[in-house]
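Two complexes follow with subunit A in common, the first pairing it with subunit B and the second with subunit C.
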Partner chain A sequence: MGMLSGLTAVLSEPVLIVLVALGTLAGVYVGAVPGLSGTMAVSLLVSFTLGWETRSALAVMIGVYVGAVFGGSRPAILLNVPGAPAAVATSLDGYELAKKGRAGEAMGAATVQSSIGTFFGVLALLLFAPPVSELARSFRSVDYLLLALIGLLAVGSLSGRSLTAGVIAGCAGIFLGCVGVDAQTAVRRFTFDVVYLNSGVDRVVAMIGLFGASEALFQLADAKAAPVRQKIDRVLPPLGDALRFLPLTLRSAVIGILVGALPGAGGDVAALLSYDHAKRTTAHPAVPFGEGALEGVIAPETANNAAIGGAFIPMLTLGIPGDAVTAVLLSAFTVKGLRPGPNLIRESPEFFGFIVVCLLLAAIFLPLFGLTGVRAFVKLTEIPREVLMPSILVLSAVGAYAIRNSLADVLWMFLFGVAGYFLKRFGYPVAPAVVGLILTRLCEENYRRGVMLAGSVPAMLASVFKSPVSVILLALLVFLLAAQARTRLRAKRKDMRHAAGQLDGDEH
Partner chain B sequence: MPDNKSNDTTEYGDAGHAAERGFALALLLLGAAAFGMSLELWHSTPPPRASSAAALPLIVTALWTLAALLNLVGIFRSAWGGGSAHFIDALRFAIPPRLALTLLAVAAYCALLLLGVSFYLATPLFLFGTMCFLCRGDYVKNLIRTAVVTGFIVLVFRVLFGVVF
Partner chain C sequence: MKILASAFCSCYNNIVYNVGKRGMRVKRVLAAAATVIFILSLAACGGNGASGAYPSRDINGIVQWGAGGGTDSLMRPLASLAEKSLGKSIVIKNMTGATGSIAAQYVSDAPADGYNLLMGAENPALYDVLDISALTYDDFDCVYLIGDETVGIAVGKDSPYTSFGELVAAASAAPGTLKISTTGVGGLPWEVGAFIKDVTGAEFLQVPYDSDASAKMAVLGGECDLTVCKVQSGLEDYRAGELRFLCMFSSAPVSAMPDVAPVTVEYPDFEKYLPWGPFYGVFVKKGTDAAVIDALSRAFSEAGQDAGYQDMLAGFNVNFLGLTGDDAANYIASWREGTVGALRNSGAIS
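For the complex of A and B:
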């Protein structure tokens, strides 16, 4: 009923459709610029649309939100500079595809999967909002901690052949996440009396430095590197491919919806978990993960856009934002005199239906705008390194500055860039450091809260067995840990057999 | 250039492996220093310490130090761990001259911004200078490229998003 009234509202005012379209288009390009984010754009729109009619304002904001989440994948694929933390996982294989001349294919897959992910997220919002909301409400601190630990297992799968290298990078990332004034006790941790560090290391600054600037420096260090010619005869993925990857798409969408529905865990966590899940469950990828596996783009892009619908669930049903953008949207609703919460669906079904229709429209417009300009964008990678990389360095600097209008962010970004360069130079993975940084807050806050509530660490661990959700998460964690250990042991035995075989060959 | 994804370091040579050992040692020292700071924080926080601000840093820095130690031992034990090279060669491997000059340009750019030089002056200077150095000429083309990039940044960040430089 609410859906119908929402649809009626949109169809009776075609300008609303135009506003969703414009918002989506703007969001795609805003999200593509590192340092600019959907959160920033929606925040600006809250004040920009203050005098607008409520539905018009919401239509454009929702369009920007959906477009921006997808938009971060473009620079992630083309330049290894994720436009947002939610695109970090996409860059792992997306950029490798671009290096092999398949950037068009990667961007086409990212576009289609983002649209599909958004669609599934909206479907979950429409059909399953109350039960998903109940599930999200049942999550305790220990459940969030288990989820964060599952996410941290991604460090292992992102480590490549050397687990110790990945663990070092991951631990360094978590340590960086601990820098600053502790929110609970106001204790200054590792700030060295530097005022800038009191607010901690901004993860977007670290991400731009560790991914963007470091890659630019790494490319510049190699005088022999040449631009890669891109094959762009095919951008839109064939239907056969979409069907082949459908099971992975569905699973990634479920991960995105469930993680997105958890307050504090947004598209970035969903994308990482989904990437890790894809890596574990894809038995024989055509290309290994980390070297240009298409599944490595499909999974995170589906999940981070499905998380949009997920994030709306607690926001609309409980009045609790699912992520940073929905937190801003919540304030926009308040400004407009709306009150998301437990009674919303019952008392204002037309409003709920309107949000759903806008999200659906954005999901439809996404492939239209996402696929436009792909060929032009892809040409970016063919620009000579000597021109492109200094431009990326400047763009990284400006992007870092735009976050808080702080020159200190620029300096720290370059420091992270240099650190990231050395990690890459000596074969250490950079992604685990960013994963650690992203998950620190989720992990630490819930660990400490869980221990305080339970009274001690053993009591907190014992409380895991008091909830079926916790037991399932713990079982999942143990299973994934065992699976990872088994995979590494097998790989090591294979290497030893290979080395023994080579030795035998030499002897003969 | 070694593949930074697969940790394959067989192409390094003696200078590369010397630099690799140096970097691994630096990671170990950093980890140990972080562990030391975390331990100090642990001792300075009142009980209960298990839920204190020092708990997570202590755990991760201990893990970091252990992993870095294992990593360093692994590097020394590997087949290529026995090579030796002059410090300058190792440094050249870690920071090739082309990159070193680029880093100097980055440092100069940051210095200009810190000294209060206008963004609209420092950025084109950095871009034009770096491109001309890396391209070994092409002054006119690089001037146009600098103008395009700077114009794009001003349009998007300043005009559209109101970022004040």
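For the complex of A and C:
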């Protein structure tokens, strides 16, 4: 019923449809600028729409949210500069595709998959909200720890050729994640009595530096390379492709929905896990992962948008936000006199329906704006390097400052930029460092909490077997670890055999 | 500034006058001179904004907590109402980090001219005793104290405890086994834990979470036994029967949860610390001109009285205070005295 009255409410007022569309369009561009985020835009909208009628205000905010999550993929593909942490995984293969002149194809796939991901997320919100929210509620500290460990395994997938280099970069990220005032005991760690280090290293700042600034420096140093001519004859992915990738799309969407629904993890973790999942399960990619596999764009782009619907599940059923944007939306609800919590769906079903309809509309508008913009966006890569790269540096600085209006963050960003440049020069991947930074807190805080709750480390390990969720996660962790070890060993043996074969005079 | 402006006017007149009389060359020279003076007078306008009527330029509102959080949600609407009577914009910036001390430091580093407002919660009142920063609200003047919130002690719906007394008895029988989910050192549950220990002697195992939402979730999911919840953040769970409030940390019942007893019914000794709760206010650096503080206080008081804003405060379950001047200063001073006393007595701080 709520759904229906929500639908009629939207259809009877076409202005609401226009507002969703405008929000989505604005969101795409906000999301595309590193440092500007959907969270920022939505919180500005809360005060901007203060005098507005509730539904109009929510329509714009939901549009912006969906648009911004997708928008992050644009610069990730075109410039190797993810617009947000949730697009880090997209840049790995997306940018390789762009380097091969297939940016149009990558952007097309990202657009369509983001739209499909949003759609699946909404479907889950509509059909499975109660069981998913029950799952989120039963997630204990130990389970978050296991999830974070599974996330850390993604370092293997993000490492490229050398696992050692990836692990070293990942550890550097984990170390940097420890800097700042410890939230549990208020002890200062690695802050050297500098006030500005107390709040730690912002992961978005690190991301902008390691990806944005370092890429600009790297490309400026390599001045000979000419801009890549992009083919843009095929933007809309062929239907055959979409069908072929449907199983992967579905699995990525499930990962996105579940991870998005957990209050402690959001679209960034979902995108990483699904990229890792895609790499493990795609037996024969047309192009290897890390060199421009389309699957490497499809999986994270589906998952991070599916996480939107996921994040709405605990927000609408429990009043607990699933991520940063839903946290802001929660207070927007309260400002508007709604009372988010376990009673919302029962007491105001029309708003539940209204949100579902707005999300669906945004999913429909997304390809409209995403695909028509491709031709204009592609031009970016054809701008001469000596103009484009300094602009990226300036944009990176502005973005780093915008996050929390701090000059210290700009300095951090440049430090990360220089560090990233040298990492790249010496063949170290930068993505694992960002993963380490994202997951440190999740890992550490939940480990300590788990031990505190159980009383001792052995008791915490034993407590894993007390809940089915923990057992499943543990089994998954062990399985992934074993599978990873097996693949690596096999690859090594193959290399050795190959080398031996060459020594023998290569009889094959 | 006025002199410069009149100089500009006379120059302009000269140009007009001279165009007819002399040649193009003179006109150009004079035009250039006029332009220079015009730019100088513009620069003068921007440069000495402190003189003349306050405010002569936009004001920065530095919110010490993140966009979309509780503090932010109260400050943005208030600022957009206050700027109407101030006649200049209040540009809100969220400067988060280190329990809000980075924002306090920023405002304290800026000149005491009323162009940087600290929009904060109760946290700075305890910065020094928690060793977060040397700054406290003693280094700021309160322009407007919006209001405070009432907190309650909540357990999950399957909890065996039906009254605060039972909880205290259980915790006293086995100290440090009942788990209270907190938001870390210096957070609300941590503070209330100290009050409880001081008055009843009961001690809980403190388990820190990263936000009040996750601390609440820990009780809803059964990972922890109890938490301390603002009326605002627990009300809907209370109405749905998911959270059971054992008592309110107040001396009178709260209108939103009329059947929850105040803590003083079972333990009258809490009276000396009440009323207590997180509060929200707008501050300027100490040493700001009294006339500037007065102008700000008037503008914010007017904004706070706005019917729409009052509705919003009610929606957020904030108890309206609307204090300025000495009243605001006294409120904060006695809040600090009681809290620090309880923290010392309970051994939470030395």
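A few comments on the model shown:
Everything that follows uses one rule, which is that the second predicted complex is superposed on the first by the 505 of 508 C-alpha atoms of A that agree within 3 Å, B and C clash if a C-alpha of one lies under 4 Å from a C-alpha of the other, contacts with A are read in each partner's own complex, and residues count from 1 in each chain.
Here, a residue touches a chain if its C-beta (ideal position, glycine included) is under 8 Å from a C-beta of that chain, and two chains touch if they have at least 3 such contacts.
Not measured: the values here are computed from a predicted model.
With both structures placed on the common chain, the touch criterion links A:281 to neither subunit B nor subunit C. In the superposed model, A:40 makes contact with both subunit B and subunit C. Once chain A of one complex is fitted onto chain A of the other, the partner contacts of A:195 are limited to subunit C, with no touch recorded for subunit B.
When the two complexes are superposed, the chain touching more residues of subunit A, out of subunit B and subunit C, is B.
After overlaying the two complexes on the shared chain, residue contacts for A:165 are found with subunit B alone; subunit C is out of touch.
Of the two partner chains placed around the shared chain by superposition, subunit B is the only one that A:387 touches, whereas subunit C remains out of contact.
Contacts of A:452 after superposition: both subunit B and subunit C are touched. In the superposition on chain A, contact is made by A:402 with subunit B only, not with subunit C. Of the two partner chains, subunit B and subunit C are each touched by A:184.
By the touch criterion defined above, A:339 lies against subunit C but remains apart from subunit B after alignment on the C-alpha atoms of chain A. The intersection of subunit A residues touching subunit B with those touching subunit C, taken from the two complexes, comprises 40, 44, 184-185, 405, 452. Partner subunit A is touched in their complex by these residues of subunit B: 1-9, 19-20, 23-24, 27, 30-31, 34, 37, 41, 45, 48, 50-57, 60-61, 63-64, 67-68, 70-71, 74, 94-96, 98-99, 102-103, 106, 109-110, 113-114, 123, 126-127, 130-131, 134-135, 142, 145, 149, 153, 156-157, 161-165.
The touching residues of subunit C, counted against subunit A in their complex, run 67-70, 72-73, 76-77, 79-80, 92-99, 101-102, 105, 130-133, 179, 184-186, 205, 207-210, 213-214, 216-217, 220-221, 223-224, 232, 235-237, 239-240, 242, 311-312, 315-316. Within the complex formed with subunit C, the subunit A residues making contact are 39-40, 42-44, 46-47, 50, 137-141, 180-181, 183-186, 195-196, 198-200, 263-264, 318-321, 324, 327-332, 334-335, 337, 339-344, 404-406, 441, 445, 449, 452-453. Across the complex, subunit B is touched by residues 33, 35-36, 40, 44, 96, 160-162, 164-165, 167-168, 171-172, 174-175, 178, 182, 184-185, 187, 189-190, 217-218, 220-225, 290-291, 384-387, 389-391, 393-395, 397-398, 401-402, 405, 407, 410-411, 414, 418, 421-429, 436, 440, 443-444, 447-448, 451-452, 456-457 of subunit A.
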